[in-house]
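In what follows, a structure is listed as structure tokens, so that the remarks can point back to it.
Chain naming follows the written order as A, B, C and D, and within any one chain the residues start at number 1.
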Amino acid sequence: MKVQSAPFDPGAELNAFSSSGQNVGAVVSFTGLVRDVDDSLKEMIIEHYPAMTERAIAAIVEEAWERWSLSDALVIHRHGVLRAGDTIMMVATSSKHRADAFAAADFLMDYLKSRAPFWKKEVTAKGEDWVESKTADEDALSRWDR
Amino acid sequence: MKVQSAPFDPGAELNAFSSSGQNVGAVVSFTGLVRDVDDSLKEMIIEHYPAMTERAIAAIVEEAWERWSLSDALVIHRHGVLRAGDTIMMVATSSKHRADAFAAADFLMDYLKSRAPFWKKEVTAKGEDWVESKTADEDALSRWDR
Amino acid sequence: MVDVLYFAWVRERIGLPKEQVETSAATVMELVAELKAREERYAVAFSDISALRVAVDQELTEFDAPIGEAREIAFFPPMTGG
Amino acid sequence: MVDVLYFAWVRERIGLPKEQVETSAATVMELVAELKAREERYAVAFSDISALRVAVDQELTEFDAPIGEAREIAFFPPMTGG
């Protein structure tokens, strides 16, 4: 797990992740990018809660390990000032079988989105706005109830 | 879409794919690797049906475009002789929203697995064996019935 | 005349990847019956149709599909790509 | 004494990221009531609790949670990472 302000190279991370596993048959990755919704985004500022971030992510990853048969899991999340097209974060999972890799990556994303302490602010020509959480994001968590 | 015997670099493909889209917020990739099941795999030989392969993949990708809101979709599948750890194939999808990117990549994999004309043969110290299709792979397709 | 293609273990059992076949079969099933009657290796390869798939002119179809003006019929085991 | 942290628009409305608070509140809700009574900016920031989340010692919890020996209580809007 990495929480950092520096940019990273998703392709290089994917290749390193894929070659690190033993007996891996399936690798799923997710990358989240800064969208320029109205062609007016000057920057996106991502605030986080440093003392809580790593343990929150670790708890989510731990839960994924318990639920699926994984070979490895990776989470990278940036904070600080980003621009349109920049990579915000990345999740990767590997497993013998594709169903586990897909489900775990999907799960990690749903939980990181609503349970890891990051907040996005969009700065446009019109001003600054904190991104609001979506009801759909909270609802997505119930997919994983058991 | 690319169907080729040459190796390819999944990380470089992911980066090129991610930077090509307009207003993309989410990119999901899947890479399938040759697993060395019993530590005895000499090689995996992938046979395909050239005249049918591209149109079968195109039909599957077309179906994904109709079902989800996608910015782009990528399929690369190798044929020929591969070794343990080699990348067999890759799928990538991009969208404004993560749910569409995840569902479309998952769908593409299920259909490519059972509907694109590729056949795998494993060559081990014990001999050669065609990989058998799994009932689970066929069953997975019913997830997408509508 | 129709091109008949074989892939994977079907190709190996029959011993060739492709042949031209003179046939008046109306359906794939009738073509299979003609092939099985030819030689033991065909009878073996087609002994369990449920283990096989067929494509007519590069489109997956069923064994009761009509052949019509088809130019290419391919037999193979279930796909195992991905 | 407990450290109280604010993030995102909660931080902006209250005007500081962190402060030490002398409190005898038994629950988070009691602490919120004490803060709201202080000044208008706190009253505004905490006017709609349903729009806020709270973490006690870096663990997400509910507003009726006890404070106990907690050393750090953080208030913030719903997370929007990923």
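Operating definition for what follows: contacts are C-beta pairs under 8 Å (C-beta built on N, C-alpha and C of every residue); 3 or more make two chains touch, one makes a residue touch a chain.
Fair warning: this is a prediction, and the values are worked out from it, not measured in the lab.
Engineer: Going by C-alpha centroids, which chain is farthest from chain B? Tell me that one.
Structural biologist: D
Engineer: What whole-number Å value describes the gap between the mean CA coordinates of chain C and chain D?
Structural biologist: Distance between chain centres: 71 Å.
Engineer: Could you please state the distance in Å, as a whole number, between where the Cα atoms of chain A are centred and where those of chain C are centred?
Structural biologist: Roughly 48 Å, centre to centre.
Engineer: Could you work out how far the Cα centre of chain B sits from that of chain C, in whole Å?
Structural biologist: Between these chains, centre-to-centre, one finds 26 Å.
Engineer: What parts of chain C, by residue number, touch at least two of the other chains?
Structural biologist: 82, in rising order.
Engineer: I need the residues of chain B touching at least two other chains; which ones are they?
Structural biologist: 32, 98, 109, 113
Engineer: Between which chains is there touch?
Structural biologist: A-B, A-D, B-C
Engineer: Contact residues on chain B for chain C in the complex?
Structural biologist: Of all residues in chain B, those touching chain C are 32, 46-49, 51-52, 55-56, 77, 88-89, 109, 112-121, 130-133, 138.
Engineer: Which part of chain D faces chain A closely enough to touch in the complex?
Structural biologist: For this pair, the touching residues of chain D are 5, 7-9, 11, 55, 58-60, 72, 74, 76-82.
Engineer: Please give the residue numbers of chain B that touch chain A in the complex, ascending.
Structural biologist: 9-15, 18-19, 23-37, 85, 87, 96, 98-99, 101-102, 105-106, 109, 113, 140
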